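What follows is a pair of complexes built around chain A, which joins chain B in one and chain C in the other.
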Partner chain A sequence: MDKESSNFSQIVLKNVSKVFQDFVAVDNINLDIKKSEFFSLLGPSGCGKTTTLRMIAGLESPTSGKIFLGGKDVTNVPAYKRDVNTVFQDYAIFPHMNVWDNIYFPLKMKGISKKEAAPKIEKVLKLVNMLNFSNRYSHQLSGGQRQRIALARALVNEPQALLLDEPLGALDFKLRVAMQTVLKDIQQELGITFIYVTHDQTEAITMSDRIAVMRQGVVDQIGTPDEIYNKPATPFVASFIGEMNFVDGKVVEEYEDELKVKIANNFIICKKNNYLIKKDDEVLVSIRPEKVYINPEQKLPNQIYAKLSRIVFRGDNYQITTQFDSSELTSVVAAKSINLNFNLGHELRLGWYTEDVQVFPIQLKKNIIKYK
Partner chain B sequence: MKNVKSSTKQLAFYSPKNINNARSFILGIPITVWLVLIVLVPVLLMFIMSFKQKSGYEILNVFTFNNYLEFFKNETYWKLLLKSFRMAFIVSIVAIISGYPLAYFISRRLRKFRNFFYMLIITPLWVSYLVRIIAWRTILGNRGLINTALLNLGIIKEPLSIFLYNQVSVVITLTYIAIPFVFIPLYTSLEKIPNNIIDAARDLGASEFNTFINVIFPLSLPGLVTGFMLSFIIALGDYIIPAQLGGNTGIMYGNVVWAQFGGAFNWPFGSALGFILFFIAAIVLIIAQIFGSKEGIFVE
Partner chain C sequence: MRININKDNKTYIKNTINNDGNNINIIEDTTIILKERKKFKFSFLSFYSVLIYLFLYVPLIVVILFSFSASKSTVTFSDVTLKWYKELINNSGLVSSFLHSIQVSLTAVVAAVVLGTSGAFFIVRTNFPGKRFFMTLAQLPIILPGIIIGIAMLIFFINLRVPLSMLTITVGHISFTTPVVMFQVMSRLARLGRTYEDAAKDLGANPIKTLFLVTIPMIKTAIIGGALLAFAMSFDEIVITYFLTGSWTTLPVFIYGMMRFGLSPQIYAISTIILLLSIVIIFFMAKFTGTKAEELMVRK
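Then we have the complex of A and B:
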């Protein structure tokens, strides 16, 4: 962490907003992206992540705020003079040029001759493993191959930062996973800053050094994948990333750095956080399913009893749903680790550690993402 | 077992694929009949006619190459054909030069009122061809708009006659007629270019000008070639504009063909002249097509 924060700021956004007619796409966001960082902008569609990326690229100009690239203010610098390149969502390969000419294009714009360009083009083609495709046209390539060419074309100028706008969105699952590795390897090999826009939380978590989670034009949280996953700052982040249990409760006791919360007829202990939560406040409590242990051997700090209501086998794990009063708790346990000789309705003892629970003001409940 | 086999055969016949084939066959009948009756048969009749012989006021049912030989023997005809080609070429080039910026501006620069301007340019097509031609006579004539304006401004003392009844007036009017036909395919091909292709060009370091030269223009070529061909065909075969505005020097090949069918009453010779035009124009258009078919234009 210290190493990163001492690093040079590659891209800085200061109070950047973008308003389209009467729609606020990006609302006063601040980002500080470090050199050689793999930085993701994560959020559901319409959250402003692509607009943010386009403003960094220069394809959109901010309504207010400033954008710095390598320490220089580039807010009013047009896209073609900015030292960043973009991999577009549907690749935007020029259909009237073959692969070689596509990759030569950015070099040609810099006035580099074909002869000088040839070794550079060969190098990037080798990097994306497409050396034998230089004479092909876009319509003769598969989705994954177009993706690689778009990547090569954006990298050939060795930009200060590479911007990727949902580059894997159009690919099928297996290819997407394979391309994730390719992208990550290339990023590490070249040490170029990557800004990666995605709505796929798994993608963001597995590839990024840091993630900014966006919601309706604002950044809810910026942090490492670990922080985002284990210490979500808002119920929105908590619900958007991975699976999450949410339970309503009420604070009954306030201690120095802990809160005692009543959920239904049970009492649990939560760690205090940045929110101002006092005694008698209504709260929203969240816990990851895999952090809820079923019939734990030792006694855990938090324990409740609940009735088994559903078991779903998901290959490598079981999803076990239990009910207590009107609330529901889901837990996930590894398939091999548990003996499930219970009937539905059987009473189970659920337990978890205090630090695995997040507590939020009840007002934020409306931001929870519900998938239906 | 036999029964099962035959029933699967039956099923195969009624499979959606076959039904689709049958349907597209039936749907294709009207257009095929239309093409054969309206296009193919008349051309064929004209082709047959071109080998017959006129004698007095009769057309003899003989087979002869005399009509074609006459064209090559008499230099008036092929010189006039060359001149018509030259004029049609000039008209098409001028129409493209003036239509391209228009199509580019309306399709890619305008955000609002795009359809309005599109319709505005198409509107003249709804006005009678003859009316539009006569309109140009009043603009270019001795007491026309241009001369009156120049006289009133004191630039000239006598009306100029250089505007009307010559090649220039024919080229101007033909160009005016051709512009919508150039505009429509150009507009369509320009509008079809995805925005992210333009974004990509800008992002990769291309200025506005370079984006146009390297990306927009090459991608609009199919529309440009189509526009050129349409305009070329319209200008090459026209005989009304030369007759109305051409005077002695503005006469075109179409007038001669027309004269054979009208005043001269020599249908076989007119057919031969017409077929020669048809044949040479087809060759030019095929060449244009080959030139215009660039690799990788947007295919769905």
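Then we have the complex of A and C:
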């Protein structure tokens, strides 16, 4: 996809909030979604991502703020007049119409005759590879097939943006992976803006051009999958996506663009970021397990010594847990790359590069997602 | 765990959760569960059930049998005859009250469909303080004894100086046919949820088109089922009608009047006709309502 020509803002949300009775579902969010972008709203259930999507669709109206679609203010335009279509979580294929009539429905609403509609319907059915199913009813289709029909129905009017509300949530793992490819291919073929709501970080990372990570109605970070993964803006984002080590520390020295942090009896160097962190502040330090090297050959900028406490074989890699004082660090190493002739309790030298560490104010520790 | 028996009746799919917490389908041989189902044990419960069925149906069967008996006696059965049915047609009072009943029931059902369906939308789709209380109030005409409703309405109409007529009877009937339709439609609407309507709006249908092209087709069978049930209830209603009837009368009230001169085979004949009519209506009603019917009928 040509990124340069697609800087046009397709959908803009300005200070949008949604309050249900006394519950704030969406809290003053700002989004700027570009044309032809695959944009994901990622977050745990109840974070406001579906409400945001429904406001873009026009199925909910924002309590405050404005929504722009293709440059026009659509905040007060009802759903049926908005040029966006949705693939619903449970597909919502009308059970009293067959597949053909389901796909004809949005065209019929535009006053297009059956005759004119036929080639368009054939085109989208071909696109989703369901040409032979036009006489079927919803109950005669499998989950994956319903998904394709819902997609065809939402695409037949060639909307400015396609909104997808956890469309793969109900499918089993293998089908989900297959459908991810189908969706991504279709998006690239048609060049339509996709807004994709999901709680599945892997799905968001693999499919999206950009991701907005949401937590309790606010957007914690917007960025490319690479930025979200490698430069998480908050401990929440860091913990929600992938595996992450968190260690408490204290700033002992402040340099121009680096901080010296004391972790237990070790000193490490972290790069400064947008947070105002000063000398003597308590901090939370995070590092991805695969960025922690065990007994590295050359000397790395940050090194600590820790005792081996657990080794777990995970097929293509080992998860190695080490302990120092009261803290724990896990690292992941490729299965072939390491000699594991260590006994538990053996002291290991752990090292990592300065740019792989993030440092956050300790107050944000409460936002870390803990599984189990 | 959920079990679906396949069409061949030899295997079934068992939907269960495996050790990893995943939903899986297992295909198994049906002989095990089918055997389980075929077993019939004679027990006190089955004996008791038979007694109940006898108690319910023997009187009905007697009525049907004696409607074809030539003798006027209700004790001994003589030759088979249709003469009582023929006499019904010549009984002008009976025929006109039958037509009255049809007229009242049809009017009450049409009113109930309009009022009940819109009421169901109101209750399911809006939230207002005292909603539960309002729903209870709406059910009262079905729950309260007919005699109470009858007397209350009689007092109401007399105070308004409305003469007892077809109008008063019809209004009386609408009071209990409306909640019948309303509660059928309500449960369907609640199960349906909002997704289909959201989808319709999202695809460009304005609220009116959404209503007529999506919502009503999907609740149609519940409306029909509710209407049939309401018709069956209205057609044989006697208590409320009795209070609200003047010289213009319906079939059940007319039959009640006939019985003052003793039981006659004519009454058996008309009862048999009403019974058959009710069975037909109930049969269709059962087809249109309930969850299973919903799955089958909504699609058609």
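Basically, the second predicted complex is superposed on the first by the 366 of 372 C-alpha atoms of A that agree within 3 Å, B and C clash if a C-alpha of one lies under 4 Å from a C-alpha of the other, contacts with A are read in each partner's own complex, and residues count from 1 in each chain.
FYI, a contact is a pair of C-beta atoms (placed from the backbone, for glycine too) under 8 Å apart; a residue touches a chain by one contact, two chains touch by 3 or more.
In this text the structure is predicted, and so the values were computed from the model without any measurement.
Look at chain A after the overlay: chain B and chain C clash there.
In the superposition on chain A, contact is made by A:Asn85 with both chain B and chain C. Of the two partner chains placed by superposition, chain B and chain C are both touched by A:Tyr137.
When both complexes are overlaid on chain A, the residue A:Pro95 reaches chain B and chain C alike. Judged by the touch definition given at the top, the superposed model places A:Gly71 against neither chain B nor chain C. Overlap of the chain B and chain C interfaces on chain A comprises residues 57-59, 78-81, 84-86, 88, 90, 92, 94-96, 105-106, 109-110, 137-139, 153-154, 157.
Per the touch definition, chain C reaches chain A in the complex via residues 195-196, 198-207, 209-210, 213-214, 217-218, 295, 298-300. Contacts from chain A toward chain B in the complex involve residues 57-59, 78-81, 84-86, 88-90, 92, 94-98, 105-106, 108-110, 137-139, 153-154, 157.
Against chain A, in their complex, chain B makes its touches with residues 194, 196-197, 199-207, 210, 214-215, 218-219, 294-299. Residues 57-59, 78-81, 84-86, 88, 90, 92, 94-96, 105-106, 109-110, 137-139, 153-154, 157 of chain A are the ones touching chain C in the complex.
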